[in-house]
Amino acid sequence: MVDTVYLIKKPADFPIATLISDNDVLILIQDAVLRQPSIDNWYACKEDAVARAIKIPESRLLDYDDILNLIEKANKVVVW
Amino acid sequence: MVDTVYLIKKPADFPIATLISDNDVLILIQDAVLRQPSIDNWYACKEDAVARAIKIPESRLLDYDDILNLIEKANKVVVW
Amino acid sequence: MAKKNAVCIIKSNPFSWKTFEALRQAVGMAMDHNVSVVFIKDGVFALTNWHPEMIGVPSFDKSIEALAMLGGKIYVDKNCLDDRGIVKLKDFGVEIFTKSEEEVCKLIKSAEVVLIW
Amino acid sequence: MAKKNAVCIIKSNPFSWKTFEALRQAVGMAMDHNVSVVFIKDGVFALTNWHPEMIGVPSFDKSIEALAMLGGKIYVDKNCLDDRGIVKLKDFGVEIFTKSEEEVCKLIKSAEVVLIW
Amino acid sequence: MKLLIIMANNPYSSDFNTMVKLAESSLKRKDKLSIFFMGNGVYCLTHEKLKELSEKGAKLYYCAHNAEQRKITPPTFAESSSMYGLSKLIADSEKVIHLV
Amino acid sequence: MKLLIIMANNPYSSDFNTMVKLAESSLKRKDKLSIFFMGNGVYCLTHEKLKELSEKGAKLYYCAHNAEQRKITPPTFAESSSMYGLSKLIADSEKVIHLV
């Protein structure tokens, strides 16, 4: 069960650390794919990573359909 | 004699350190007035500082006429 | 139509049009929803005695008043004020509540809609 | 009309329209002036094999070619490449010179016009 | 799902690409999609992509005040609205994506 | 002095205020002032402040390509130009202030 999906737009511009719990998911989009976070529950927008030629493990990559599926199942989505 | 006038727009977004020589002048404008640099040869745009209620010593403040006078006398102006 | 708990987080400094638009949005929402506006990071400068008209930005004082009148709540992160050496807030004629970072997190977690500016 | 030494510094990453406009500007200037374009900081990503069309941004390959044809010089800060783990540049069919930070500074100091993007 | 995208950034920003791609994907999965343009987002109203999204089923709204302020002539397929209209859209949506 | 301001940012940015204030001050000291609008800077063309600057003596130019792309109808007091036109302006200027 996903509580909050956080969409992160800028490199290393993460929400307040205490805000993220185990049930939350971070998705790096746009330039945020340039730096990878040190926490565990993160994914990246596949198209934004591939377009920028940034290597991110396949298992971390989500296409837009995946992102919308996650958002639908979550309690809310926050673009940080 | 002023060589280069650097106009700085964002807080702490200074030019490469080795670029600034004693004959150069840094002028903080816009949001750059929020953080004061540690080097010596800097000024701030008076209106931008006063508008943001940021306290900067009067001797460091330049109005737009002062800024243009400095730019005219300098070899060049660079908006970093 | 559902009345929602909406939280508007203002994290950017107010020295452009962003905060003005954010507060206009918050006022609109306060007519239907429970709205909390929270100033964090450089957003806290919005509550100081600065002079928007000097830099070509409109004042949002009226939005702050309207927000309070419509029952919206205004919060500011205490740590972010301290970090910036801000000791005195401007008197908007409305109550501004200080919160700890932990309390801000709780507010965000319990919200149904969160809009970050 | 004076022919000038102009330096265009591209420090922002290329993943929006900025670099595209910067290079269009550099090509225009190269018709009259000695133009050097220098990629520093995240600007160096412009020289990798990325895919602008995937994110709705036009390719600037033609501008790079035109710039070189008009005698413009293209430089990249070696340190900035290393910091980002970039080992291989895209082949634009034009020569791209690597420079040290010190050399970049010299270039800026000796220029008459400096445009930062 | 009932999805609302609030777009407050200009058409030459990365947010524009994100908006278009999320919208296209959302329409493909038969979401009920609304997009609200405000602030510099009203500059998107004259972009050809919007007509496409509208034809595919997205409902487009804009803050009339912001459009007038920026002297934009909005296309007929977008609906004039206000901050109060946005409030109603938020009430009717299950998820809100705020791009600014 | 002969001053050129290149404006590549929108009218709701801090750069807009900087441009207006520098321009007003420059005109007061009888500079020969040119302002060139490109990229998102062409969105400034419909702002009322520009007419004022033009009447006070500023010469205004814009990249016609960028204006067309953004579907802006430029005012008659601004002159249609190009990147090559900008190059000529740079040649003729003593100082260039680049706002982007």
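As written, the chains take the letters A, B, C, D, E and F, and residue 1 is the first residue of each chain.
In this section, a residue touches a chain if its C-beta (ideal position, glycine included) is under 8 Å from a C-beta of that chain, and two chains touch if they have at least 3 such contacts.
Because the structure is predicted, anything quoted here is derived from the model rather than measured.
Both subunit C and subunit D are touched by A, B, E, F. Using mean Cα coordinates as chain centres, the one most removed from subunit E is B.
More contacting C-beta pairs link the chains of C-E than the other of the two pairs A-C and C-E.
A separation of 40 Å divides the Cα centre of subunit B from that of subunit E. With centres taken as mean Cα positions, subunit F sits 30 Å from subunit E. Taking each chain's centre as the mean of its C-alpha atoms, subunit C lies 35 Å from subunit F.
Within subunit A, the positions touching two or more other chains are listed as 30-31, 47, 76, 79.
Residues of subunit D in contact with at least two other chains: 15, 17, 55, 113, 116. Of all residues in subunit F, those touching 2 or more other chains are 12, 14, 17, 39, 96, 98, 100, listed in ascending order.
This structure has the following touching chain pairs: A-C, A-D, A-E, B-C, B-D, B-F, C-E, C-F, D-E, D-F, E-F. The touching residues of subunit B, counted against subunit D in their complex, run 3-4, 16, 18-19, 21, 76, 78-80. Contacts from subunit F toward subunit B in the complex involve residues 1, 3, 14-15, 17-18, 21-22, 24-26, 28-29, 31, 94-100. Within the complex, the subunit E residues that touch subunit D are 12-14, 16-17, 20.
Residues of subunit D that touch subunit F in their complex: 1-4, 6, 17-18, 21, 24-25, 27-29, 31-33, 113, 115-117. Note for the complex: subunit C touches subunit A at residues 40, 101-102, 104-105, 108-109, 111-114, 116.
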